[in-house]
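After the structure tokens below, expect a handful of questions from me.
Which chain is which? They are A, B, C and D, in the order written, and residues in each are numbered from 1.
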Amino acid sequence: MKFEIASPTPFILMLRPRSGAQQWVERDEFKITPTTPIFEFTDSYGNLCQRLIAQPGLFSIDTSSEVITADYIDSGFDAPFVEIQNLPDSVLSYLLPSRYCESDFFNEMSVKITQGHLLGYNQVSAITNWLRENISYVPGSNYQPISAIQVNERQFGVCTDLAHLGIALCRSLSIPARIVVGYLYNLEPMDMHAWFEAYIGNRWYTFDATQHGTPGGYVVLGFGRDAADVAIFNQFGPAVYPIEQLISVDQIEE
Amino acid sequence: MKFEIASPTPFILMLRPRSGAQQWVERDEFKITPTTPIFEFTDSYGNLCQRLIAQPGLFSIDTSSEVITADYIDSGFDAPFVEIQNLPDSVLSYLLPSRYCESDFFNEMSVKITQGHLLGYNQVSAITNWLRENISYVPGSNYQPISAIQVNERQFGVCTDLAHLGIALCRSLSIPARIVVGYLYNLEPMDMHAWFEAYIGNRWYTFDATQHGTPGGYVVLGFGRDAADVAIFNQFGPAVYPIEQLISVDQIEE
Amino acid sequence: MKFEIASPTPFILMLRPRSGAQQWVERDEFKITPTTPIFEFTDSYGNLCQRLIAQPGLFSIDTSSEVITADYIDSGFDAPFVEIQNLPDSVLSYLLPSRYCESDFFNEMSVKITQGHLLGYNQVSAITNWLRENISYVPGSNYQPISAIQVNERQFGVCTDLAHLGIALCRSLSIPARIVVGYLYNLEPMDMHAWFEAYIGNRWYTFDATQHGTPGGYVVLGFGRDAADVAIFNQFGPAVYPIEQLISVDQIEE
Amino acid sequence: MKFEIASPTPFILMLRPRSGAQQWVERDEFKITPTTPIFEFTDSYGNLCQRLIAQPGLFSIDTSSEVITADYIDSGFDAPFVEIQNLPDSVLSYLLPSRYCESDFFNEMSVKITQGHLLGYNQVSAITNWLRENISYVPGSNYQPISAIQVNERQFGVCTDLAHLGIALCRSLSIPARIVVGYLYNLEPMDMHAWFEAYIGNRWYTFDATQHGTPGGYVVLGFGRDAADVAIFNQFGPAVYPIEQLISVDQIEE
């Protein structure tokens, strides 16, 4: 990512993948040019975030990682709905409406979409199928996040838009759901990517309405309630846009 | 608070004031009738929350506290704006847009309102004055939270509505702002109350566009990004409404 | 608790019981005389702690609570040992040696004591029985915490001493164990009390080698690795001792 | 690091440096051979820890990092002692005695060593100088951590031993102190290294009684109360020792 900076500009980045239950970071590089003091902290979702002030002139961020990830995402047909009283404390906040996921508006719709499906994984699977069939995935159609209500009206959107609507529908059924940003191997066209996870059967499962089947190759950069929490860069002061942004995801031969 | 429960209903409450920098809880009572297993946890904002499942029948919650609080809220004229790079990590999330505070829409408006004011406390004070003059405070006019954009269109609202618009305006100027719910001595008419805080001069200051002057007597129950985070009760399953809710705040003679 | 303070003295207290999985605080009072600014925070074990500076003169702390607690502590015969790899992250630190629990010295001894017992609850039960038979419980025999090695040499001690040795023996078998301080109904002679918990079968169980049977009536004030973490008061500067300390625990008729 | 494993062995590692206020990790590699599921979590000190179960056979861990670090450690002569009441909550636990730092025993000694020195940095500097002159640094003299009391009796020790005594002396003066493990450029002989930090003038300062002057090149792997918290590997079950451990720290030309 390259920027041309006019005046000193504070940035908060979320560009370092974290090893966790779903991926192992074997190698990670994170270079800032020119060298600038950077401070890394963990936000309340557990994401590694980087703070810095970019000085005027050319400013570039180069990151690269080798991550061990699953070949296929887990599917969990029939994994049961977790009763509210049995959810871990830390998962409860993913039931609440958020900036771009107005779950308080979607209960009627989500009940209709999931009718006849077993409570839990099968409901989220029905929601994801509904999104695939009813909301066109149009990469590049949108540069600012819009909210689930707007996505539902427009009936098309980028990956983030489909995730927001999916999340709002899940939460309206009392299923905790969160957005994930990162990379996806073989994504067409290649770009940053966003998808969502739902908490079912005592764990998080991955759902991605922009893809078919359950191919793996997902690399997580961050989790949050919606796009407001997981901007890969937040910048303050006069708006600055990347003059160049190159992304590639390759498979490493074993 | 009294409910008539038809089927077992999970609740998450936020009804225990916490001692902290701003108040000292000398006495606290929290009774549930009939006795029901309750689990208390701390959410990611530091609030004490209570989880329980209400069983069918009459269900009542009685809380009462004696809290030492300031006679006047602090005012901090000329307290300076804190540059993004100097904000504590834990405060950064209060810069982001949230469900009911679409700060991403308000920059133009907030710049206009605060023109000519020193960066920091004086800006937030100008915003609060603007709210007092332009958004009518109409208790009871609204029972579901609406968002800052909607408040700005309607030009009237309840305490939560004024707080949401104030928060959105602050964040659009890169001033961290959060909602506070609790009680206020002498509030007319007596009810639960909501106001907001802004982070200036390295601390949080209290602002309340529903009141004039700086009387104290605020008792905090919880903090959050907006009303979605600080519901004094969140209830899941078929909607249940209190059949009775009595609130009183009295001064204790020393 | 009453003190006579000669010069301004910082205190950190741990005197507010917290509602949680094991107890519900129905009523809580916490008064400081004379009134002094107090700040409450949550430490890394989840305990509520209070910070203040006592000014010269008489200084007293009065706390009182009504707590709903179990009539009998749970026993969990045959509850299984949890393999290290299945322990929650947050429990791992309770496997490590600490100031007063030099678990690294006790493996041989703990293996001998627990020989022939099923891994898990039954091992900890064997350890508790061994303590009852081999380390005399002598209230008031000791005013400064001593460590498990010293307790084992002396073969008598106060409640904290028995807990420290129990914890060290558990940890040496890779069973997470922690100290608990609080009150116990019917304790003879009445005083603050300490006991320990061990993590078995995916939950914490209570063990108290100073008592026989499994009577309940335990009120928890704080958890920690050992007595260093759970002092009900930590005071800094020239040593100050309570000139009076009154404790009582009564049963409230339902 | 290479091991020969006889039976499945749970490990907890602390081998991933974290970017923070003091260092920036530009590149990081962390490979396990053979490939084994690993889970990474953050402990209560903020360290990145890795959990895994090594299977029987040869098992090796290869890590390598490029870290930007200061050329010289900061010295802060005359930086003032922070009064207890002004310490951040999160620093308070570093005042307490811990497994290997029995600070409760050292007040008389630390008062003597620091007599005539300004409260704060200069006291810790006096302690570090005293350690340099009175406790011989003998790499390899010790393979199990011993406690500050034992170090003080023996009058020689490894880097960890000097750090433990330094920490105990600081804490006995109400100066928060913590151990740090990691790497040091130009350490002779090359090995893992440990030193300590003290909290003075509202920040942490680095002290290392094994070195002279204030050369930089420190790479932090973890922080803790003492060696019990920051083992670079904790292993459970029958003891396993590395059959090979190679460490090198090189300067990268810019």
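Assume a residue touches a chain if its C-beta (ideal position, glycine included) is under 8 Å from a C-beta of that chain, and two chains touch if they have at least 3 such contacts.
Bear in mind that the values here come from a model prediction, so they are computed numbers and not experimental data.
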item: Fraction-based call for chain D against chain A, same above half, different below; value: same
item: Cα-superposition angle relating the copies chain C and chain B, to nearest 5°; value: 180
item: Centre-to-centre distance between chain D and chain A (centres being mean Cα positions), rounded to whole Å; value: 36
item: Rounded Å distance between chain B and chain D, as computed from the means of their C-alpha atoms; value: 43
item: Between chain A and chain B, centroid-to-centroid distance (C-alpha), Å; value: 29
item: Contacts with two or more other chains, residues of chain D listed in rising order; value: 41
item: Touch-based graph of the chains, sorted into line, ring, star, complete or other; value: ring
item: Residues on chain C engaged by chain D in the complex (per definition of touch); value: 10, 12, 41, 43-44, 49, 51, 53, 83-85, 89-90, 92-93, 95-99, 101-102, 104, 144, 174, 228-229, 234, 236-237
item: Complex contacts: residues of chain A adjacent to chain D; value: 16, 18-21, 24-31, 35, 37-42, 46, 48, 50, 68
